[in-house]
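Letters A, B, C and D name the chains as they come in the text, with residue numbers starting at 1 for each one.
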Amino acid sequence: MSTRLSRDHLARRIAADIPEGAYVNLGIGAPTLVANYLPHDLEIILHTENGLLGMGEAPQPGRIDPDLINAGKQPVTALAGAAYFHHADSFAMMRGGHLGVCVLGAFQVSQTGDLANWSTGAPGAIPAVGGAMDLAIGAKRVYVMTDLLTKTGESKLVDACTYPLTGVGCVNRVYTDHAVFDIEAGRFAVREAFGDNTVPSLAELIGLELIDRTDAAASVPGD
Amino acid sequence: MIDKTVTDAAAAVAGIPDGATVMIGGFGRAGQPVELIDALIDGGATGLTIVNNNAGNGDTGLAALLAKKRVRKIVCSFPRQHDSWVFDELYRAGEIELELVPQGNLAERIRAAGAGIGAFFSPTGVGTTLADGKEERTIDGRRYVLEYPIRADYALISAWKGDRWGNLVYRETARNFGPIMATAAATTVVQVDEIVPLGALDPEAVVTPGIFVDRVVAVGERPWLHAGAFVGGVDIEGRPAPFEASGTAEVEQ
Amino acid sequence: MSTRLSRDHLARRIAADIPEGAYVNLGIGAPTLVANYLPHDLEIILHTENGLLGMGEAPQPGRIDPDLINAGKQPVTALAGAAYFHHADSFAMMRGGHLGVCVLGAFQVSQTGDLANWSTGAPGAIPAVGGAMDLAIGAKRVYVMTDLLTKTGESKLVDACTYPLTGVGCVNRVYTDHAVFDIEAGRFAVREAFGDNTVPSLAELIGLELIDRTDAAASVPGD
Amino acid sequence: MIDKTVTDAAAAVAGIPDGATVMIGGFGRAGQPVELIDALIDGGATGLTIVNNNAGNGDTGLAALLAKKRVRKIVCSFPRQHDSWVFDELYRAGEIELELVPQGNLAERIRAAGAGIGAFFSPTGVGTTLADGKEERTIDGRRYVLEYPIRADYALISAWKGDRWGNLVYRETARNFGPIMATAAATTVVQVDEIVPLGALDPEAVVTPGIFVDRVVAVGERPWLHAGAFVGGVDIEGRPAPFEASGTAEVEQ
């Protein structure tokens, strides 16, 4: 049994890779946890697709403002220095490549960087895509935050996605509970293996050949 | 004298015929023009095509319109939510048609309609099932799909303050789709908290110039404001909620 | 010698056709005169392409504001109820068909409604188009204000333009110093002949068959 | 701490290389970033491609840059004006290349670059010589030409006030091309009258969010303002001008 990071630890790990001054969009679900671990002494500007740059923390219960929500429709606050804008401008910002980083959940990521995170394609399921496809192709760096394995033990890192795609060749890095992977020329490259995970043990779990980049110096991603 | 104000919501939505395409502003509940939707329900129009980011929340507003089976088709990006049970049931019963559009393409297609753009190449959705059957082109090494404008007969939106020329300002993230929908409909109808005198809105801060607006109705101040200032004391749905010092907020996810 | 309206009288004549509540763009040059004759008791909203709805009169000399100009780069004022916006929004407004009326000058107008007003095509001339092409295709009703004849006596109303086009099939009505013409199914229709001009005398000046609509009830143009 | 402010115009334009494409804001003189242009001249970069609505007025600002023969090509809608003698002479001598673009296509192409749109179908210019060689398509019975984005290496723009995050507000029609150029350049440089504390700009009224801005420099209050209020007393070129009660303004046409 290999070491697995808790979801909160993984959020902390991702937060550590986000530099001061970055413009960041955190997808709904687990990625929103990353906000809890961004250092308070650094200025990192959060974008929410529904028209706000400079999103702050959740309000106190008595101070909920139904006009001020995030993409998950949760109440939020706005920082000094925030700006509001309409939806066409908000998605122009995303599509135009102005966001430095987005963090998204995933059902599957392929070794060519394809992302599937919006639909299982199950018959009868009600589809809903929201802004996922815009984020996937828009941010300068697209990070995925996910468990490595499904509940039934299959790898979410795959040769080719079987679920409907969100974006083609768009993922730069995958943060999983077992390890951090970069996408390098059509292959997964292990950048950091957590605990007793090793490149060979990860390759066995995933069923793909992996590049070993665990000796690479920790890099600060550009934004 | 130009006076786009009307006295009540019924007058504001008057004339919307059966079969009309109606854009409805809002992102979830924020900016949803609930009073206009209620008037639309009362007006009786049916067979509508609705353009909205979502497909209704809970049992009020857009969800109530759906529940009355007035909507033939909905164009949206994110129908499935924890509180979209009205839509979910209609959809599973095959009683409503869904056109699912990635949110940014939805916004840009609405803008394109208002801006006189015939079509545009978007990188969003390329290679996905939502681009099936769409024209694709590679420009400067990047793949794009061709997207067409979305126009409407009516837009029903919610703003914060307006004047008799139809100039509008919004409030926080309730701005969302209002400004672009206002440009894309033959007739744009707006509910505001308050109609202010001409000249009271800062011309540098007007978000929707009156040229895009046909009718404005005041519906009174939203419950979490008092005299224009935020006072809170509501839950995320805007219902008065007594909070304990130790209370926890009801939070959507 | 036929009767000719002065430029100011023609501006007054055009102003009389603009209803209250209209959103109007007046092109640079002679069309700007129309503003002088809009009734002060009617609210008519002037658009200037450089980002203003609700343009007012020229300022007093000591009150010139270099930040507040019109498309001709003359100093103007802003009315209560005005709004400022950037260039993409301003031209979206034009291109999107939201302006009710624009009034443009012309070198030539063809009987199919083609407009030529931006270039004589003379060799060595420096071309400049500005917003003319956007206005020509954008406003719901495109009015032209011009002398009927050039200085050398040729008709500016023509079978087909010989000057470079500004827009194709875009003109709805031509206000000239001799008469007012509508474009009807590929022909000029005389709507109003000034003074001792007649449909036959105008046809002779222009050299084209004309439709006679001088008995049509004066109509208020829609916007 | 994020601090995009720089101490002087020279630092603001540092690094602009020979051959760069530089967008310069302004419509005529309004909103023209004269101090940044002067710094660009002092910096010595040459062989530039300039994107601006016009091609310079009088002998200052953009005209001065042209006069120094630093500009290889200009992309604009309206080069010929009564005071464009610098450009006129260069053009007639064949010393500058001109790409003439209808103003709305210029604006929309700049916006498209900032918004990640690959190309768009515009009705403007159809059937004219300015559409020669462009792809044409009829959509819903209307003719359109395909227009491509205009991107730049640098944008030099002028705003009224900014903060250290780069949020900007503009003043009146000096807003013009600033907000869209800010989105379309790899590096956006802004001159403002004044840098205000973070939080001093109303988030509802910010026109350019800081995400689009890289460097901000304060150049002092424009001569026709005092403490943020309009006081006038200048001619249309912004020069102090003593006006008689009976005086006439110098007016451009």
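Rule of thumb we're sticking to: a residue touches a chain if its C-beta (ideal position, glycine included) is under 8 Å from a C-beta of that chain, and two chains touch if they have at least 3 such contacts.
In this text, all values refer to a predicted model and were calculated from it rather than measured experimentally.
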Set of chains adjacent to subunit C and to subunit D: B
Pair joined by more contacting C-beta pairs (A-D or A-B): A-B
Chain whose mean Cα position lies farthest from subunit C: A
Where subunit A and subunit D are represented by their mean Cα positions, the distance between them in whole Å: 36
Whole-Å separation of chain centres (CA-atom averages), subunit A against subunit C: 55
Centroid spacing, where centroids are CA-atom means, of subunit B and subunit D in whole angstrom: 34
Whole-Å separation of chain centres (CA-atom averages), subunit A against subunit B: 28
Where subunit D touches two or more other chains at once, by residue number: 108, 111, 115-117, 122-123, 170-172, 204, 207
Residue list for subunit A, restricted to those that touch at least two other chains: 78, 84-85, 91-92, 94-95, 138
All pairs of touching chains, each written as two labels joined by a dash: A-B, A-D, B-C, B-D, C-D
Subunit B residues within the subunit A interface of the complex: 27-31, 53, 77-81, 87-88, 91-92, 98, 100-105, 107-108, 110-111, 122-130, 143, 170-180, 207, 222, 224, 230, 232-238, 243-244, 247-249, 251-253
Residue ranges of subunit C touching subunit D (in the complex, touch as defined): 28-29, 48-52, 58-59, 61-69, 72-75, 78, 84-88, 90-92, 94-95, 114, 119, 124, 126-134, 137-138, 164-168
Subunit C contact footprint on subunit B (complex, rising order): 1-2, 111, 113-117, 163, 165, 167, 183, 198-199, 201, 203-204, 206, 209-212
Residues of subunit C touching subunit B in the complex: 20-21, 23, 43, 45, 47, 53-54, 78, 80-85, 91-99, 138
Touching residues (chain side subunit B, partner subunit D) in the complex: 108, 112, 115-123, 137, 139-140, 142, 144, 148, 169-172, 202, 204-205, 207
